[in-house]
């Protein structure tokens, strides 16, 4: 999934740019269609619990992840599907987890808010606003201590900026020059209230206070995200923390089932003009990629998703005994052997 | 006399308390414009104004600390923490500030605040949105802890908690929000620290609180079919808890089972058992048993979660075991 | 203790300015001599527990408090003696508390880190770094809700700036335009480590991010502190939060008994040049106040302190039963009456 | 064989663990240049470098969260929280992150971190610097909780905690720091979850942990003068705790008293009693009693604090009472 030689807009058109943009587009489509599929299954009662979709925000995930290596780690949020998929977790494991199966990434114990795949450096979605940022901080510290050349990425929403933990982490990352990229998905909302009513500051000004270089970009244009992510990731690897603020759009409400009655209908209607998939499809067309290439991607991804859904449906439910035995690494062995 | 849901009884208690006392304010994430994430404060901002029903940023520690400061300065704040799992972020405000202020300042001032928060599973909400952590708060001198099981007690206890001069952690169960019950028009305040006997029985005492009360009642129903009459005590308050009522019941039945949804180990039930194993020892004709959650996080999958939660069958089995 | 018409340097010299400065000086001396007395009693084992002295930082307390009314509230820190004394708590109650007597402000239950006197708006010293700031926030909210015209003041050290709670409070105060004055006592240290090794930012930049006006001043010149406090308090009462950062000097170590071996001896030796009492004594002399006036103050205060110490020594120890009965307002009454 | 103080045993365990495993790092406020507020990490920064012995800002929540992230990324962090009272600020990192990560991610990875923190009174440090809050952590599935009573067990348990693949809350008692004891040169790791019988006796079992072990031993000494032989069990680990050893002792003595410095109500002792009132019921010849702190904050004044702390006299009286 990762794209080591990331997209540069100035790199000129031609084959390379088109191929890179197409790879990014594929990532966008994979996230979008996966979440749309989940949305339908949620409505049908097949997906339990709460789910928070990243529809409208996919370009952040696809773009940032294109700049990472598999050794790089990320910590995510309650709205983590896009991050997880873009980081390259197993799609089968993802759907199986959302359907609470034993074959799920977390064996049905975590669900949407806890999707994780340590094997690809995805340290977990998180049900606690802000908590993932400190986990990414620790991961960055581990990379630095181990001198392994990897970086960590902390994803968080604009609402999370009000959490004290966020600030503690900004300070520590700056103080210790940790290889940590802060990525804010600024969708203008924290649950049901605009973040303008929650925050008396901008991330730009805050980052300036911590002397962490900050860039704010259009988070719905994956080419833009990928380009900035690539250069910031290189800076982070070399020099220490950076902040990437992505202006983006929360399309489907805070969680599935949220009718967003509190939002201006015009604003909601206007969101489609910034749809990340449409934006990128338009750019691809301009680069000469035809409808049929996009249709091929759509078909291929639809098939992958259906296969994952079917595999999940066929998979067994988790066993209670196995779950109970996994609270500790060696369950009570010290006690029994000693 | 009005039939209303548990959630609406909370809403009504908040409204009545605010109407009766201008020093009562609400604060929390989305309690204002949105009327609360679960709807507990619906309509209150329109009725009482944005100065008294305050939407906070996502800053749990500061909002809880602010409640302490406001309570020391003449208000009666009612703070909402959206899920009990997030009380991990307000422990300092509750434990080191609210609970101790009266004592550590030599009794100079009370801290009349309430922290409302829902606990419990059953919604497939997973390990970080389902915990029952009341035992933590019950262990802290200076805090009171309340957990109603139905709309009537939800109303009466919340009014009492708001009227109380000391900090109260008021715990609601998410799975009870839709439950219906009678709440009379001028329903009385229910005293904190007082249990209710919801079903009488001579053979065994089952003590429970919150949603587990219904598990206990269902178990008592099953046992009655076998001729076993279990008495069901709804604790209502966890700190202080009504040890006289529990002891009196135990003295009639000589058998005790304690039920809750929180993890069994080091949970609320442990204290009830431990107290009865001291002051009630001579009344005991069988082991005191607990039926509670196993020692694991609350799992997401429905099947796992169902197996995790205490069931009437497990409670009935425990009663049979202590009678054996 | 409070000085409604506070010191303005532009108010010209003459009787008024001299009288005001003398009042401030009296407050400085009262704090200094009280703490020196405590220090001796601590060394003799007469004062139990830990004590953190504000020697070298008295001008912040005396200056800020000169701008407050008795209705204004303050929340303090582990280093709270100066704040408490300057806010006008009973000196007898203070010494009795430090000596753990039943006549102490907290009846011997709190000690140095919990000195409080609600009757003069002193909401308590605090053993938890940063916690007092949220208490002041809530107090400011209460003042605003009650429209009583009062303000709240949050005292904190530079080390506390790393606590997330601090940031949450800055944001909320700015968002809600609360009547809250943030007063930072920047002594350059958090325990045994310079805060330059703890903080990647300055309070100036941080306040700017929150768009809270910030002033940094010489915190060892009480006239300067009083002047700025007076104007900021007026602004806070009218417009909302302000930050006052006072550069000051921690003379006696983190706590009593700290030999400060980790500090540069030259730096330590240099502190006396900035001693707040000497600074003010010099200004008073320049205003024509003679040695004898200062000596009178010294005598008067020495007598007050000795009287307080003697009263404390003679006072009874607290009763365990009374302490136990004061955990709740009406101990178990609901239970018994119901 | 070396005699050393409890604090030095901690220091030695940290040093030996760091020397043995380069993935062990220390982090906390003043753990580096200053060698720890109590001196537990003295000399370690000079020996192992500032990259492995890290002074943090006063940011407890972030340092604990960072420990979780570092543990998930290949390190074995040992975080210090200066006073247990300040663990109020790290509850989320411990409870919602560290404790649950293994389970909620389906067993993908362990979280090998240790959080060291001192608890307890006796220093006149007042209500916010003296609390014993171990019951909170023992109630959280996924955490282990350890509390050594002497230098030998401090060394052996800390080495075991650092070597353990799961998150361990390691609790020291401030009043024990100066205590001397033998720590052999190649002292063994002591298994977590295993109690030790420090004194044998046939008449009653006294279970304790941490500093309260010495209160129990003193009580046993007093009782012996009256011809009462009390067995003293040092729990060492609180979660998991060694219920086999306690049950076996109870089966010999048929009387049980549990002692700790934490508040009695909803404290650790409640679980031990509750478990024995179930699985040990048939062995009991008298009520199970607890001797612990009363339900109030830890007071500052020496006189009040002394009355607050459990004493050998109160323990001895409890043993006599259950034997009566």
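Lettered A, B, C and D in written order, each chain numbered from 1.
The rule is short, and it goes like this: a contact is a pair of C-beta atoms (placed from the backbone, for glycine too) under 8 Å apart; a residue touches a chain by one contact, two chains touch by 3 or more.
Everything numeric here is computed off the predicted structure, so don't read it as measured data.
More contacting C-beta pairs link the chains of B-C than the other of the two pairs B-C and C-D. Placing every chain at the mean of its C-alpha atoms, the farthest one from chain B is found to be C. Note on chain placement: the centre of chain B and the centre of chain C lie 40 Å apart, centres being C-alpha means. Spacing of chain A relative to chain B, judged by their CA centroids, is 37 angstrom.
For this pair, chain A with chain C, the centres built from the Cα atoms lie 47 Å apart. Multi-chain contact residues of chain D, defined as those touching 2 or more other chains: 56-57, 59, 61-62, 85-86, 88, 92, 96, 103-104, 126-128, 141-142, 295-297, 299-300.
Residue positions 106, 108-110, 114, 126-128, 162-165, 168, 171-172, 175, 197-199, 323, 327 of chain C are each in touch with at least two other chains. Partner chain A is touched in their complex by these residues of chain C: 162-168, 170-172, 174-175, 197-202, 205-206, 208-211. On chain D, the positions that touch chain A within their shared complex are 25, 51-52, 54, 56-57, 59, 61-75, 77, 92-93, 96-97, 101-110, 141-142, 144, 160, 164-166, 191-194, 240, 242.
Chain D contributes residues 85-86, 88-89, 91-92, 95-96, 99-100, 103-104, 126-128, 133, 135-136, 138-142, 239, 262-263, 265-271, 273-274, 276-279, 281-282, 284, 286-290, 295-297, 299-300 to its touches with chain B in the complex.
Those residues of chain A that touch chain B in the complex are listed here as 48-50, 100-101, 106, 108-114, 126-130, 159-160, 162-164, 190-193, 197-199, 262, 317-318, 320, 323-324, 327.
Residues 29-30, 32-34, 37, 55-62, 85-86, 88, 123-129, 294-297, 299-304, 307-308 of chain D are the ones that touch chain C when the two sit in their complex.
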